[in-house]
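Here come two complexes built around subunit A, the first alongside subunit B, the second alongside subunit C.
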Partner chain A sequence: MGHGKYLDPIPAEKQVVTVGSGERLEFSYVILPGESRELDLVIDLVGEGAEVDVKCLYLSRNGDRVRIRILVHHRAPGCHSHQLVCGIAATGADVRFDGRIVVAPGAQQTEAYQENHNILLSEGARVETLPSLEIYADDVKCSHGATVGQLDADALFYMRSRGISEAEAKRLQMLSFLSPVIPAGREEEVTAALFSLPS
Partner chain B sequence: MSALLDIKNLHARIGDKEILRGVDLDVRRGEIHAVMGPNGAGKSTLNAVLTGRSDYEVTEGTALFDGKDLLAMSPEERSWAGLFLSFQYPVEIPGVSITAFMKAAVNERRKAAGLPEMKAGDFLKLLREKMALVKMKPEFAKREVNVGFSGGEKKRNEIFQMAMLSPTLSILDETDSGLDVDALKIVAEGVKSLQTPEKSVIIITHYSKLLEYIHPDVVHVLKEGRIVATGGDELIEAIETSGFDQF
Partner chain C sequence: MDKDQHIIEEFTRGEYKEGFVTEVEQELIPKGLNEEIIRLISRRKEEPAWLLEFRLDAFRKWQKMEEPSWAHLDLPRIDYQDIIYYAAPRQDKDRPKEIDPALAETFEKLGIPLHEREALAGVVAVDAVFDSVSVKTTFRQTLEEKGIIFCSFSEAVREHPELVRKYLASVVPASDNYFAALNSAVFSDGSFCYIPKGVRCPMELSSYFRINARGTGQFERTLIVADEGSYVSYMEGCTAPMRDEQQLHAAVVEIVVEKDADVKYSTVQNWYPGDAEGRGGILNLVTKRGLCKGSGSHLSWTQVETGSAITWKYPSTILKGDYSASEFYSVAVTNHHQQADTGTKMIHLGRGTRSRIVSKGISAGQSQNSYRGLVRMAPGALQARNYSQCDSLLVGSACGAHTFPDIQSSCPGAVVEHEATTSKISEDQLFYCAQRGIAPEEAVGLIVNGYAREVLSRLPMEFAVEAQKLLQVSLEGAVG
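Up next is the complex of A and B:
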């Protein structure tokens, strides 16, 4: 639940994407190794039944500073939002995800989901995740989740025991982890970028 | 004939705890061996050491596979040399289809042998042929590896991979006592259909249930980190009637 009084979360000077009644928008971002980026996305669901889907993938290595800020404001009833941010950080990467969902009073039948999953390839990578959910309506379905983990040793062993080399097993697992956020048609580009991440 | 697997005085520990305390085991080509033992006997450790899990440390002894030092090989090198481990609990790999997974397994092995990648058409033909052999439905080729599979489907997928890789030595890990009879039948039928005079199998198990379906040539009892008895069917019967305390 929201703490205290509801305040419009969107500052007046902010650039905002508004989604009107019955509209559906999709956003997809790919941040590749060697890219430092500040992504600042503010979405205002202003019309009844508006929908938004945000997917973001990052692959970051030494020297990359990535800031991903996403605010989804459910202003009207019956709106749906999905945010999925997945990424892999190698040594020296500095990544921060700041995701916020605000459900305004009266925005009933809201469905809002936010997930942020991160894999650290070494202890020298830094990932901070700050998911938040503020709800001022009572008939809503909302969830958020964040994980920061490593490659799955059991799955790597399983693949290696079938004759897949360690490097290829890692690459397959990273692709598998990223697959929900890889935009159609960019599979090869992402696969190639995985090779430029130091393990 | 010389042994395909020749284990001598194998000692292994995890952390400070010594679990294998001098295992001797000879498996010749064409033979099916069963290694049975109570919980804590060292069955899982033996399996882990043979297949190359890194959390166990071998402190003494040798294991030769086809004359080569098995313990010096990485898990993938063991696979390339002809070893296969059937997992009791196969791992789920979301986002990777069975086709992509097997393509990687087949081509990585070819790469290691200095061969070019298999042609896509030849690979698909092989895939279909082996799926049919182990009675796996063709639509599974597109499914993500083990994701949402029933226990029986996971086992069939293990046997399918075994058929694809055609190993000379298969180790079947059925160490847990909570065995699903239908899954065991799938394993047993698969193993039997793939068995040739050149291939060997080691079944590591707690109970004799699986051995009702796959008849082993040699039975070993593993207890407190050592092989304490070796024989034939009479050992299975003895274990069924009086358990492991007699050894």
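Up next is the complex of A and C:
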């Protein structure tokens, strides 16, 4: 039936990452071209002052089906969570991001932030994003932002006018767009993957 | 202390000043819903066969549908057989031309001018709907001179059947959703408005909906057609008596905006919200949709939602014409046990289409307030743009504020931006006001009005003042 009042959002049988009092979780996830992935991440902040930092990257092309589902449940007061999901979809990619933040009653002084940025590189790609906030406590700072857009033509022109080839200029811009979510040590892998996207 | 108590009691009782009942002789039909009832409504209204067929078709579709449960609401079980689907104040045979003095007085009390001479020159033309029928439409003569048709839906069916037939259900099909199908089957009255080519409507048009009879539901239908290059500003208001039982209001609003036409639709929704314990109130389950059909057309939605026990409402725009544009400005306030699940849908089909969403939710008491929105960029929506901003303000620790946006893009040339924030009125802000001698209650009013100003400033002048007062009243008792 309805769900007007707060219900525990985590089903009993679900695999959950719990973060206890004073603990900090850092989570990175990279999806490269040619990979169809389903990520279903549930993070339960159960202890006071727990912290979570999630970074997720996808690069998808023809035939890739990407589903990213992240639930961050603020059960205890004073917890902080940050999520950043960035990705690029080329022709034939099908991407869906479903990010949910739930702040339980009594989880005061919560800070929860979520950002999701997507670039549609070419026609025939599809991106859907569902960032949701469910808040049952009042002393909170929560926000989410989501964008779907394209490469910046002005920036490309700037680089072209300085003798950088179009393909290279595009790759540079994609790299800078993704750089906040590239995990340390995987820069080369991601840069190489950019070459496999149709330009 | 006793005196304080008294003042507070007075406050809560005086909260909903439109909660009175008008004693008029009512003409009711039996309770329940079946094909016979629909035939009866249609007969009462002396409708043509095609309209009865439309109703029956919708009813058959409705029977196969299920009540939606995806909204973030605790919707009580509605017994559709326990509702009276048609209630009309009995017409006085001796003077059929004039409006019943009791009704005139009712609208007077609500501040709705039904006498043309009393209204300021050329301010607002009103269509007043009382339960299931439209009781009066003002300024018709003035409007007719410009070729504008503004009348009750029933009259439109009689006098302009070709227009009604052409546009009815062209934006919201009968089987669109459960409540729209129900409305299509049993709708009783509503407003019809047609602005001819190139005409700028000289005054604001307004519909005022009033539920009065006990045990009834209100199912009105509004159809607005703005032909090429025309302009109209349309306002809608509503109130109902205070009762312990909940009453159903399932309306449909359809707007067709042709090439280069401009429609501004404003709502101040003040249905009875139920008492402080959550008893009674109106279940407001409404489908509103506009179609920006031609290129360069423009539709703007502005809503201030303070009433209703439950609000389920998503005024939407289909941006079909190239370079058409639409905006959605909303303030939704919930207090006590109210629940609101409201937002918008912007479907971008044409190239260069633009939309902007600004939603401000305020929750207090034990209420639940949700924003739900959809922005879709179809493959052909080249250079289309959307910007959405959804803010929630929490007053008190027992309420909830939620945001459920859905963004879908299949067009690499389109840009969509969405942001949402949730916060509360900070102690610092209240302290700052207290230092300057502003009591907490008043301070909250000030802060809320400032927070909602971006939306309130979009309302037509007649509405803006009322809306500001309403915000204040709705939050009374929320702090302190």
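The rule is short, and it goes like this: the second predicted complex is superposed on the first by the 196 of 199 C-alpha atoms of A that agree within 3 Å, B and C clash if a C-alpha of one lies under 4 Å from a C-alpha of the other, contacts with A are read in each partner's own complex, and residues count from 1 in each chain.
As a working rule, a residue touches a chain if its C-beta (ideal position, glycine included) is under 8 Å from a C-beta of that chain, and two chains touch if they have at least 3 such contacts.
Please read all numbers here as calculations on a predicted model, not as lab measurements.
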Return fit or clash for subunit B versus subunit C, each positioned on subunit A through the superposition.
fit
Could you say whether A:S179 touches subunit B, subunit C, both of them, or neither, answering first, second, both or neither?
first
With both complexes overlaid on chain A, does A:V127 touch subunit B (first), subunit C (second), both or neither?
second
Tell me the contact category for A:R160 with respect to subunit B and subunit C: first, second, both or neither.
first
Per residue count on subunit A, the busier partner among subunit B and subunit C is C
Distance of closest approach, subunit C and subunit B, by C-alpha atoms in Å
14
Footprint intersection on subunit A (subunit B / subunit C) at none
If we count contacts the way the header does, which residues on subunit A are in touch with subunit C in the complex?
1-6, 105-106, 108, 118, 120-150
Of all residues in subunit B, those that touch subunit A in their complex
51-53, 74-76, 78-80, 84-85, 87, 90-96, 100-101, 104-106, 108-109, 112, 161, 165
Mind listing the subunit C positions that touch subunit A in their complex?
69, 71-75, 339, 368, 377, 379, 392, 394-424
Hey, which residues of subunit A end up touching subunit B in the complex?
152, 154-155, 157-166, 168-169, 172-173, 175-180
